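By written order: A, B, C and D. Residues from 1 in each chain.
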């Protein structure tokens, strides 16, 4: 850190970069940062042998304004044909939450937002049920419910989602146990900006009531997977997973309760990493710069 | 504990009982134990709502010989049509180990046997390769290899397994990364007395090279499942599961190494519980009295 | 289960028993249960080699009323000089919560109570600050704050605690990050019925700001311990512990946030086990019948 | 990666750098690497707010020989007064193992070395007992035992350690359950190059037989800590920690067995990270570039 400039350090930037791997990238990027009188406070990189792409995440303290900093980076970005993203560290991500009747994930997200542990700003919770109105209201967050009972009401709900995304310039959509399948069109529209949470078992189970199946097979670990939403149901790139140990004495309903805990903490963790620009996509998998 | 009889307490029995659930079972069993002047030092029970069966495991210190103790238990066993098993606590289980080329599971089993941490007695390791001869020999355990390259050599290998089971009065067969599929006949013959170890992923992957698939999907947890061998490949009742966290930076070969650690400790744990009579079958699932 | 009596099974009892170990106890207890036409649905026992005491927890379905069931048990209880406790499975435990300014533990407790995941009934949250009034109010739970600033106000607070314990016939007092040291008198009065939560580190740290010390030592695991309150500060019998992995990049304030998560889930788990009569004391340690 | 030069990429270097933090470091380092036609394949950095120091670890593929690469780096190293270390990725670290009678840690280290999972080369195991001679011999590793029974024999043992360090140009000394306290002189001589393993409990216990104390307090988690050896016994900078769950039913000897498993895997992990140049010292704590 250059202490002479300490008084001038107005900004703390987070910068993510993706490009085809090759020599000299780090040197070029760091050169641009030096030129902008920035100090790198956190840096992570990864070169994917699978796709030949290079991924980088930096946190930089710099006196430069956003436009000055962008100007300094532009030549490097152009030279390497980088996709990139520049943001202020800690800026709350505008996040739309979709829910149904289960409150555990929504409560965890909103409580942590309020406690300052999760850099998101939730302007709206949309649900296909009214169940969570009071819970959401307690946290001072607007709540709307629109029933989804047929194709027309489903289309209306999804149109409302898209309108909310536009109105609030939403950057992340969280499916916090929203129990409707999104249309392929909505999945495509929200590609890379929607996170879902899903229970997970070893081994996996197809079909209805997986907790009952897990009980019947006597699984010893149950868990949850947070992943990006894609049109391939429950198969999007994985962001985070957790499991917890169970035994034969657990009833199906106890497994549900245990699984819900894993869902809450796994989803919240995934949202946190995404909001901190720590989640990058490398084909079908994620790079997580924890 | 009845201290007056302390000098007479020659035996420490482990007793497992399975029958249709109903009132009075515990009272009847404990009555027989009192009659045999036994003291219950450990007791676990479970009534399965799934199958209506009752499971019990007891450790009993008693002056009674095996035949005296069996005599005392016989009326209760008959009354409730119990399947049961009586053994001495800590008696090493006669265990046949099948292996191929990978040594991690075999080494863990034999090291812990020698260290007195695993109550098994391994009279023979059979392999379809010669790779592990030295490793097994170090532990003073006989080793035989028979190549399995076609139907005839496979039949010969399995016949050798059955002969070994008879010759050594084997009570447990452990597939310690034995990479051949057992014939349905052998699976049936070893039903409830053979344990296999299998890598596990969230989600599961079909087909070849699952570690490469897990890498491609960017899974965050990899693990292992120890289960009973059934003719339904990798789908037998689960005994134990473990997972460990990985990230995007792990190559497929690193995932293999990490997975092997989980396989070793998971298999050894499952064998230990089985050897201690802690694993009972309730239909497609196991009751583990840890 | 005796299906002919199915219609008569009005009660589901939980019974805990502690006495000096000796032969025949299980038989005597099960005999009394058979006499009361009860069916044991869950049973755990433990004989402590440390103290020579025997611990038992049973769940029993029986047509007997409480007084009938007590009558059936009385001879056994007398014969073995047992301390015992009989309750209905699932009855919410009357629980007083003490708090200060941090809301994470209180929120977790009240949310799970409302969600039906925690069998407690909280008639009052008492705090030495007003900070949590809104949070507690949202869950429909009465809230009172009394400042504690000197010996007199501390005595007044503790007197209010004792009055609340009497008024509401409190069975459990939870110190949900209540940051005042209880007087030895109050500790004694609440012996065996008050649970505290405490951060935990490997190794432990004495003195102020342990998270800063943990950061300075570069600990890799931080966690939480829930324990019974005794006058020996933070040294009461341990009920539950959890840890989570951290690394060098975590600031002290991030360690605090991570530690709070562990505190919440560890305290809630301990309260759940206590409310389900799964926590028994064996000298300085707990028997947990999970 | 510069594919035109693929045939020329003879070396895979690992480079660690430590200096006072300031702007331009990354740029200067990457410039030197570009000049040497190197390609960065892995990079991690950390700026310590505690000490104001900057830490960096790089893996670089480069056609440069060691002397060429050092020449390219020298100006940067000089400018920032860096302490640095350059090595080939995967080169086995010359490692001296000290042991006493317990074989679990030694076995785990030697088995993984032989399996190619641990980049160490162990030219000698030194013990104050002869117990492990056969175990060590199996792995083809020389073994020497010298009894330590008094001050003179202890001095002789330590002299032998120092001679072995010189003879074999030892880079790492692993105390694999070596149960003698090293003299302050030896600790000082081995500063930053000796790793010890230690059981860990929540809370910690002073004095003899901690497993018995842990049992008496009913701890729910036991674990292990691998740390650098310093003259402050068991208080050196922590490299790795693990814990595992236990319950009241575990006897002290079972706790020992469980603790030994944690010791083995924790020590092996710490050695692996050290051998891969992933462990850097920042005052009293370690930076682990996993």
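Operating definition for what follows: contacts are C-beta pairs under 8 Å (C-beta built on N, C-alpha and C of every residue); 3 or more make two chains touch, one makes a residue touch a chain.
Which chain is which protein? Per UniProt: A, B, C, D = Formyltetrahydrofolate deformylase.
Given the structure is predicted, the values throughout are model-derived calculations rather than measurements.
Among the other chains, D has the CA centre that is most remote from the centre of chain C.
Same-residue interface: chain B and chain C share over half of the residue numbers found at their contact. Separating the centre of chain C from that of chain D, both taken as means of CA atoms, is a distance of 42 Å.
Chain A and chain C, compared by their mean Cα positions, are separated by 36 Å. Counting partners per residue, chain A has 42, 46, 249 as the residues that reach two or more other chains. Per the touch definition, chain A reaches chain D in the complex via residues 1-2, 21-27, 30-31, 33-34, 37-47, 52. In the complex of the two chains, the chain C residues touching chain A come out as 42, 103-104, 107, 111, 115, 117, 138, 249, 257, 261, 265.
The touching residues of chain A, counted against chain B in their complex, run 46, 49-50, 200-204, 215-221, 223, 225, 234-235, 237-243, 247-249, 251, 282-288, 290.
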